[in-house]
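Shared between the two complexes below is subunit A, which pairs with subunit B and subunit C, respectively.
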Partner chain A sequence: MILAASIYFFAALAAAATLLMVFQRNPVKAALLMLTALLSTAGLYLAFNAQLLAVLQIILYAGAIMTLFIIALTVTPQAWRDRPSPGRARLVLGLAAAALILAELLKVSAGLRQLALSPGFAETGALALARELFGRFAFQFELLSLVILASIVGAVTLAAKKGG
Partner chain B sequence: MHVYPMSSYTPAAISFILFTLAAAGFLTCGSLVRMLMFLELMLNAANIAMVTLGPATASQAYAAMLFAIAAAEAGVGLALIITLASVFKTLETGNIKGLRG
Partner chain C sequence: MPVFFEANKDMLIFTGAAAVKILVFLNAIMGFTALLTLAERKVSALIQDRIGPNRASVFGLTLNGLFHPVADGIKMVFKEDFTPGRAEKLLFTLAPFFALVPVLALFALIPFGDYIMISGYRLDLQIADLPLGLFFVLALSGLAIYGVFLGGWASKNNFALLGAMRGAAQMVSYEVVLGLTLVGLMMIYGSAGLQDMVRAQGKLLFGFIPAWGVVCQPFAFILFLTAAIAENKRTPFDLVEGESEIIGYFMEYSSMRFAAFMFAEFLEIILVSMLAATLFFGGWQVPYLHETGFIFPGGALLPVNHYLVAALQTGAFAAKTVAFSWFLLVVRWTLPRFRFDQMMGLCWKTLLPLALLNILMTGAVMLALGKI
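Showing the complex of A and B:
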């Protein structure tokens, strides 16, 4: 019971934070609302019994990625000068498109109503996850290091071009 | 053992609502940094769907890998944005008219 309540609470918190972020003018306040959404997602993972993912969400998303965003906002003063004033037509069109996507997605997934939430959720520890990552998904996991290497090289190249 | 008094539709709906809210922000905002933020939130919402709907261990392993991909994407995206800001002196998408090498 408390699990269901916390699921609804964190989902509502994340949705409210994202909605407020859409209408927030100040970029740093928008970043803090994003932090709220990410932290409530961590709570959602915890409620769905994905403890390791909750911790990773806090460390990676709320820690590393948010820091990156704050630094990017700090070093680009253009982000402050720009007045985000989307035209009314653009706002209405964007919201209508999003509402359409939501309606379609909910309609397509209506078949999920018959499915009970899988009971295998109850215990998924770090050990089982590590067995998957280094056993069955070892190739994908190693491929991931290549992705990160490519992103590091790309970021360094982009940053170095400015100085030299 | 059913610990959750809800069907699979509920987490799917939560994920879809978060995704579309982020998509609405992505479509309506004009600033590049903000667009990247909404992009991260969209990826986050997709992650929720994968964790809650898939088989427990495998989907969580994939979600952990997606965290790394999200971090890499944010790093490259912000490097691109900083470069664009120094070249165009603006971060409004409406003001960035031409992309020349």
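Showing the complex of A and C:
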């Protein structure tokens, strides 16, 4: 009962925070609501007994990525005043697009109900995951880091001013 | 009703024991924090050849300044609680909690003793024994940055924001080193649970040296202590906020909200001390003391009562924590402050490569000894 209650609590919190984030007019507050959503997802993982996933979610997303997002956002001028609300035409168009995507998602997710739950989703899964990543897929795993490095270098090149 | 109690006996006992542990441990830490604020001022006085605070008195009784934490607390409660007009009200109020809560939550993972048997029930002297405890330590300490950053941003003050930027840059950088120094420990103990790590440190090397973390990983200990002091934002790394010279992220805070930030800093001193004791100095281990009593290297035995063993172990943990806290206070009043570029250079150009080297060496030694 406690388990079910915590699952519903964290799921509702994640959904509510995400919705509020979408309708938030201040970028820093929106980022903080995204942080809330990420943390409640970590709570959801904990409730499902996936401790490693929860910890990695907090360390990587909440601790590292969102920190950088929020630091970068606070130095933009937009962080110091709320964005004005958009015109009516854009509002209607945006809601229509959102409704379309939601309908599409619901159609796709209908098939997920038939999937069986995998019971071995506990912390022992971490060892199996590590064996796969550093054993069978070691080459691909290392290659991925090169791709990320290349993308960082590319981003810096694009952002850097010429002759600066 | 008795049927319900009978059916859920184990769960009720578990919940009750957890509540008692939280109450006792949290109160011990809170009391220690209050004393630490006095100790900080007394140590600084000692080092600067002064007497230090000794005037707060209750009916003429001063006890050499022992009532100063109480006087400070009362003063903080009754000060004006000011919120700047342009501040983000909600986030401005939430920021001190963001600073306090991750630190307080981390204490749940610290093992402060082995276990005691009470009428057939085994009571582990740790609030939450998680198999991935060390990862949780890193995860929650990563969240402490938000307290600093929100405090600076929600004040809507450029000086506070600059202080928060310095703080965030420093904490993010040193957290990487902090995480990497602990990898070596996980490798040699083969576990990330803090209680498992402490139990593993009860073994003896060559039959007489306790296998404490500082013996197996002396290099990592120095790196850990440096990174932890920097993460804690104390001198020589107090570029975020220097009481009389540097304007920090909580410049707009007053009264109890300011006190919450200061309290979080003192709690972090205790946390760092407890982590250093747990990871590198055997936690609650007393050398040669086992569950049944002392077993000395020569083979001599000295049986000790079970409750006395538990008391000795918890006492040893408390003594180690106090010793490290004292060390951190002395470091603060001894070393001068780094310049910002020196501090960042130390992190990324010195500590980080050394931490990586430590992991490499640990792996090589373990491979050579055939431990993998």
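Here is the rule we use: the second predicted complex is superposed on the first by the 138 of 164 C-alpha atoms of A that agree within 3 Å, B and C clash if a C-alpha of one lies under 4 Å from a C-alpha of the other, contacts with A are read in each partner's own complex, and residues count from 1 in each chain.
By our rule, contacts are C-beta pairs under 8 Å (C-beta built on N, C-alpha and C of every residue); 3 or more make two chains touch, one makes a residue touch a chain.
Note that the coordinates shown come from a computational prediction; the quantities given were computed from them, not determined experimentally.
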Checklist entry - After the subunit A overlay, clash or fit between subunit B and subunit C? => result fit
Item to check | subunit A residues touched - subunit C or subunit B, whichever exceeds | outcome: B
Checklist entry - Of the two partner chains, subunit B (first) and subunit C (second), which one does A:L93 touch, if any: first, second, both, or neither? => result first
Checklist entry - Is A:L52 in contact with subunit B, with subunit C, with both, or with neither (first, second, both, neither)? => result both
Item to check | Touched partner set for A:A159, first subunit B, second subunit C, both or neither | outcome: first
Checklist entry - Once the shared chain is lined up, is A:V28 touching subunit B (first), subunit C (second), both, or neither of them? => result second
Next on the checklist: In the overlaid three-chain picture, which partner chain does A:L13 touch, first (subunit B) or second (subunit C), both, or neither?
Outcome noted: neither
Next on the checklist: So in the superposed three-chain picture, is A:A64 touching just subunit B, just subunit C, both, or none of them (first/second/both/neither)?
Outcome noted: both
Checklist entry - Which value, in Å, gives the least CA distance between subunit B and subunit C in the superposed three-chain arrangement? => result 14
Checklist outcome for this item: After superposition on chain A, the subunit A residues reached by both subunit B and subunit C are 52, 56, 64, 68, 71, 75, 79
Item to check | Residues on subunit B engaged by subunit A in the complex (per definition of touch) | outcome: 1-14, 16-25, 27-31, 33-34, 36-38, 40-41, 44, 47-48, 51-53, 55-58, 60-65, 67-76, 78-83, 85-86, 89-92, 95
Checklist entry - Which of the residues in subunit A come into contact with subunit C in the complex? => result 28-29, 32, 35, 51-52, 55-56, 58-59, 62-64, 67-68, 70-71, 74-75, 79-80, 123
Checklist entry - Which subunit A residues qualify as touching subunit B in the complex? => result 1, 3-4, 7, 11, 14-15, 18-19, 21-22, 27, 30-31, 34, 37-38, 41, 44-45, 48-50, 52-53, 56-57, 60-61, 64-65, 68-69, 71-73, 75-76, 78-79, 82, 84-86, 90-91, 93-95, 97-99, 101-102, 105-106, 109-110, 112-122, 124, 128-129, 131-133, 136-137, 140-141, 144, 147-148, 150-152, 154-155, 158-159, 161-162
Item to check | Partner subunit A, residues of subunit C touching it in the complex | outcome: 88, 91, 130-132, 135-136, 138-140, 142-143, 145-146, 149-150, 153, 156, 161, 165, 168, 172, 175
